[in-house]
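Each structure below is given as structure tokens.
Look for subunit A in each of the two complexes below; its partner is subunit B in the first and subunit C in the second.
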Partner chain A sequence: MAEVRLEHVTKRFSEDVAALDDLTLEVADGEFLILVGPSGCGKTTALRLVAGLEKPTSGAIAIGGRIVNDVTPRDRDIAMVFQNYALYPHMTVHRNLAFGLKERRTPKPEIERRVREASAILGLDDLLGRRPAQLSGGQRQRVAMGRALVREPKAFLLDEPLSNLDAKLRVQMRAELKRIHQRLGITTIYVTHDQVEAMTLGDRIVVMSNGRVQQIGKPQEVYRRPQNLFVAGFIGSPPMNLLRGRCADGSIRLGDLDLPWSGPDAAEVAVGFRPEDLRPAGDGGPSLEFVVDVVEPLGNEVVVHGTTAGTAVESGAEEEAEIPLVAEGARAAITAVFAPADEPAPGDHMRLGIVPDRVHLFDLHTREAIGR
Partner chain B sequence: MAVRGANIRRAVTSDHVVGWAFASPAVLLIVVFGLIPIVWSALLSFQKTNLLSPAHWVGLANYRALPKDPLFEQSMVHSAIYTVLFVPFSVAGGLLTAVALNRPLRGIRIYRTAVFVPVVVSTIATVIIFLWVFDPNFGLANWLLGKVGLGPFAFFTSSNGALYSIVAMTVWGWIGFNVIVYLAALQGIPRELVEAAEIDGAGALGIFRNVTLPLLGPVTLFLVVWSSINALQLFDEVYLATNGGPGTATYVPVFYLYKLAFQGGIAGYAAAIAYVLFAVILVLTIVQLMVGKRMVHYAP
Partner chain C sequence: MSEIQTIELAERAAEGPAAEPKGGRFLFSSWHLVLIPIAVVMVIPLVWMVITSLQTLDQTRHYPPSLVPTSMQVRNYTDVLQQAPFARWFVNTLVVTLACVAGNLLFCSLAGYAFARIRFFGRELAFILILATLMVPFQVVIIPTFLIVRSLHLIDTLGALILPNLAGAFGIFMLRQFFRTLPVELEEAARIDGASRLGILFKIVLPLSGPALATLAVITFMWTWNDFLWPLITIYNPNNMTIQLGLATFQGAHQTNTNLRMAAHVMSMLPVLLLFFFAQRYFIRGIATTGLKG
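Our next item is the complex of A and B:
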């Protein structure tokens, strides 16, 4: 086990664009660190650099206190689980698990012991004689984990290991991964697209965009206090509502909403509020006019899409293909999450109550959060 | 009448008829140049004929005569030696060359093209080149071997060396084909598998032995079967380079039966040789496929 450090690491595949731009990151011994970010932001590149499959253009990578820039993957003593598992198709599960140990000249009884142990943890005992082609997706995923486990490496690198599984299996494997990490405490870097994995699995998450770190912190901290517009828009599902507002004369004004403001006058800001912080307005308190457009009852909650007077702000984390649900001139689309009892009907006109403490403010020019 | 008309129309426009219509040119070619000669030579092998005067049936006499024919035995032995050398050298050589060329070197396309050129060069040109290179007195080969203190060798004109010279020449001419097939297969090996093996701690040799080679299994089996068939049917190079000589040193079955049928006028006996050779090829191929099936892993 060991800590992993990346210091000012830049990776360019071509002259003009950097897949990773000055990445500095420290993963503590035994920590479970999550890398999240949109497609193409450099997550896989970061893992491959740590694994030694790619050389950094500049910067240093250290594992267990040793600079490994010039060390081959073989001698870095890390294990990696690839997104598509990369199991050896011509070997049985047993040989897949044992291969790394055999190549490292581990004594036979020791190989046997570790394979038994890993297959017991992962429930692979009955599958040891099969080939990867004879396994289900979930079983392959477990074999890929097993191949990493038997090695007892300094660190695990996992590249979206659950992305090929169906929703139910994902929930199950997520819990299993957490259990394995609690049990073995091996330093882990885990790449994912998935909000839930990011929020639940990691000790800390690193939000990346365009090869740069946007924010590093505990999951709850990143969720509660996003440092910039990108993180605000990226973390959370459905994403945070972001609207153009004006701070002046002790209040933040946005449409017909008026929130108290004690900071200096700033011309224009982005005002953000999470869908679950919006409620049908009771009496008193600040509120926002809202027209219901689409209602999605999910059982334990109701997702309500609609519009309010105002202008939406783009966070930069939107999916490219996102189609605005409503795009009329002066109205902005917003989303709220209600309790099932509050389910509205499409076309309803209502007011949404907002708790002033739960409102996020961002500078429209620097795109950074404004403290209050 | 109306009913019959409809039936005919349905029959003519059905997929069946249309399908055969599209296939008919190919079927015709296969029947005329494949099926008819196969059946005809089968009949010939039971006859005594010189293809010109009327034939008469001799039963199994042609086949019975074969084991007592020393030239036939010699041809088969030469063919066996040739195949046992040609197949491993061209397949293993093709593999090693492909691995060497499967990397991002500067000008790699030029090397790849160069390796493939001999395949598209006609046999006659290949033979002319090798008659030069292997010329006992002025050839490049003896000149080079002389530099390291070997030779001179007589090559095509030596009764001990002629067959091996043909092996060398045909390997040179064929290897490019195997290289191209292996290169294509190497590109098809998922990069992550090699990377996974690297991370698992395998060295270059370990990766080659445990990942690359097994994944090339199906292609290797194909190339072994394919080059074995070609090796057993060797003819052009012998005909052009040595004409079976010196003496009968490079007689192989197809060359021998050609001599018999078209120069000796003993077509029935020649057809029997052709059928024995066919049986040998068939059995060898079946054995190779059966052994291969156990050794080769096919990716899902």
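Our next item is the complex of A and C:
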């Protein structure tokens, strides 16, 4: 076991675009770190650099305190689980698990012991004689995990290991991964673009975009205090509502809404509120007028899509685009999550109450969060 | 094609050939009206050859020739074996052929893998040059090859037949194309697992390349077994002849004994016929995937 450090790592596949741009990360010994970000933001590239399958253009990578830039994948002593598992098709499950140990000249009884142990942890005992083609998706996933486990490596690198499973199996394997990590405590870097995996699995999340780190922090911290517009729009599902507003004279003005504001003034801001922080307004608190378009009852909650007076702001998380300037007075689409008892009907006009201290503010020019 | 599909393809390849679909194999299609007559035309000379090889000399001179086997003169075969060192030629050919098959499998795998996966300076140029040699007719390289082989003092030995044919552009090209279709992740997983380049080639890539290797083996076998021109140029001593060359000298010496000549031909063709019979799937695949004729 060991900590993994990336220091100012840049990776260019061609002159003009950097797949990773000055990435600095530290994964503590035994930590479960999540890399999350939109497609093409460089998550896989980061893993491959740590694994040694690619060389960084510049910067240093250290595993267990030792710089490994010039160390082969074999000698880095890490294990990687590929998105498509990459099980050796011509070998039985047993040989798949044992391959890495054999290549490292591990004594036979030791190989046998470790294979038994991993297969017991993952419930592979009945599958050891089978070939990958004779396994279900979930079983292949387990074998891929097992191949990493038997190595007892310094660190695990997992590249979207659950993305090829159906929803139910994914929930099951997610819990299993967490259990395995709690039991073995091996340093793990886990790539995903699944919100739930990101929020539930890791000790910390790294939100990436365009090869750059946007925010690093505990899942709840990233969720509660997104540092910039990108993170605000990316973390959370359904995503945070972002509307163009103004703050001056101790209040935030957004359409016909006025919220008390004690922070510094800023001419143009994006006002963000999470769908679950909106509720049908009863009393005289701050509220927005709202027209319901679509209602999605999910059982334990109701997702309500509708519009309000105002201008939407794009976070950039949808696509790496600049914030479009939309004419004032347009109607902005927003989403709210209600308790089932509050389920409205499509076409309803209502007022949405906002909890003032759950509002997020971002400077529209720097795209950074404005502190309170 | 997605990565997953590719991996599944590789898995299926590793599982061995899919079972022939049952039923429908003997369904009539209008193509048969064309193919059956062609097949008959192709088979008649073969059948005639086999029948003649079992006839007495008188029967072979009968006019019109009888296509019905009336006698079974198996003695023709033993006569042939006594009158010429056929057994010797047979062994020579087998040695040369097996050496060439083994050499092609090994060296074309190594070269094909390097061209498919290892990045090195001048790779594309080298590969194009190798491909270009496929377009050079054999007649053009006979003399230079002969000079090289002579300078190695291999003329009139089996080495002259083996050495120049241990690797070929065709095999390198075919295996490279095949290796490139295998999922790279398998090799990367093996690298992380600690395998060396050669380890990856022999433990991961080649076991997944069964069909391609079989195709190359079958085609090399046919080419080498049937080769006539190169042995004719390099071998003089009857003891070192291959079966095709021996057959030609035997034919010259037995112009009139048609039955013996046919018996000799049947014997020389037998291995290739058997091979074709059992491995025609790979033979056809080789032609289909590379667009070259055998």
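Throughout what follows, the second predicted complex is superposed on the first by the 361 of 372 C-alpha atoms of A that agree within 3 Å, B and C clash if a C-alpha of one lies under 4 Å from a C-alpha of the other, contacts with A are read in each partner's own complex, and residues count from 1 in each chain.
Simple rule for what comes next: a contact is a pair of C-beta atoms (placed from the backbone, for glycine too) under 8 Å apart; a residue touches a chain by one contact, two chains touch by 3 or more.
Keep in mind it's a predicted model, so treat the numbers as computed, not measured.
Student: Between subunit B and subunit C, positioned on subunit A by superposition, is the outcome a clash or a fit?
Tutor: clash
Student: Once the structures are superposed on A, label A:Ile78 by its partner contacts, choosing first (subunit B), second (subunit C), both or neither.
Tutor: Touch status of A:Ile78: both partners.
Student: For A:Gly353, is the partner it touches subunit B (first), subunit C (second), both, or none of the two (neither)?
Tutor: A:Gly353 contacts neither subunit B nor subunit C.
Student: Mind working out whether A:Asn164 is in touch with subunit B, subunit C, both or neither, as first, second, both or neither?
Tutor: Second partner only, subunit C.
Student: Could you give the residue numbers on subunit A that contact subunit B in one complex and subunit C in the other?
Tutor: The answer is residues 51-53, 72-74, 78-80, 82, 84, 86, 88-90, 99-100, 103-104, 131-133, 147, 151 of subunit A.
Student: Which positions of subunit B touch subunit A when the two form their complex?
Tutor: Listed in rising order, the residues of subunit B that touch subunit A are 190, 192-193, 195-203, 206, 210-211, 214-215, 217, 297, 299-300.
Student: Could you please specify the touching residues of subunit C with respect to subunit A in the complex?
Tutor: Counting only subunit C, the residues touching subunit A are 3-4, 7-8, 10-15, 183, 185-186, 188-196, 199, 203-204, 207-208.
Student: State the interface residues of subunit A toward subunit B in the complex, per the touch definition above.
Tutor: 51-53, 72-74, 76, 78-80, 82, 84, 86, 88-90, 99-100, 103-104, 131-133, 147, 151
Student: Can you name the residues of subunit A that touch subunit C in the complex?
Tutor: Within the complex, subunit A touches subunit C at residues 51-53, 72-74, 78-80, 82-86, 88-90, 99-100, 103-104, 131-133, 147, 151, 164.
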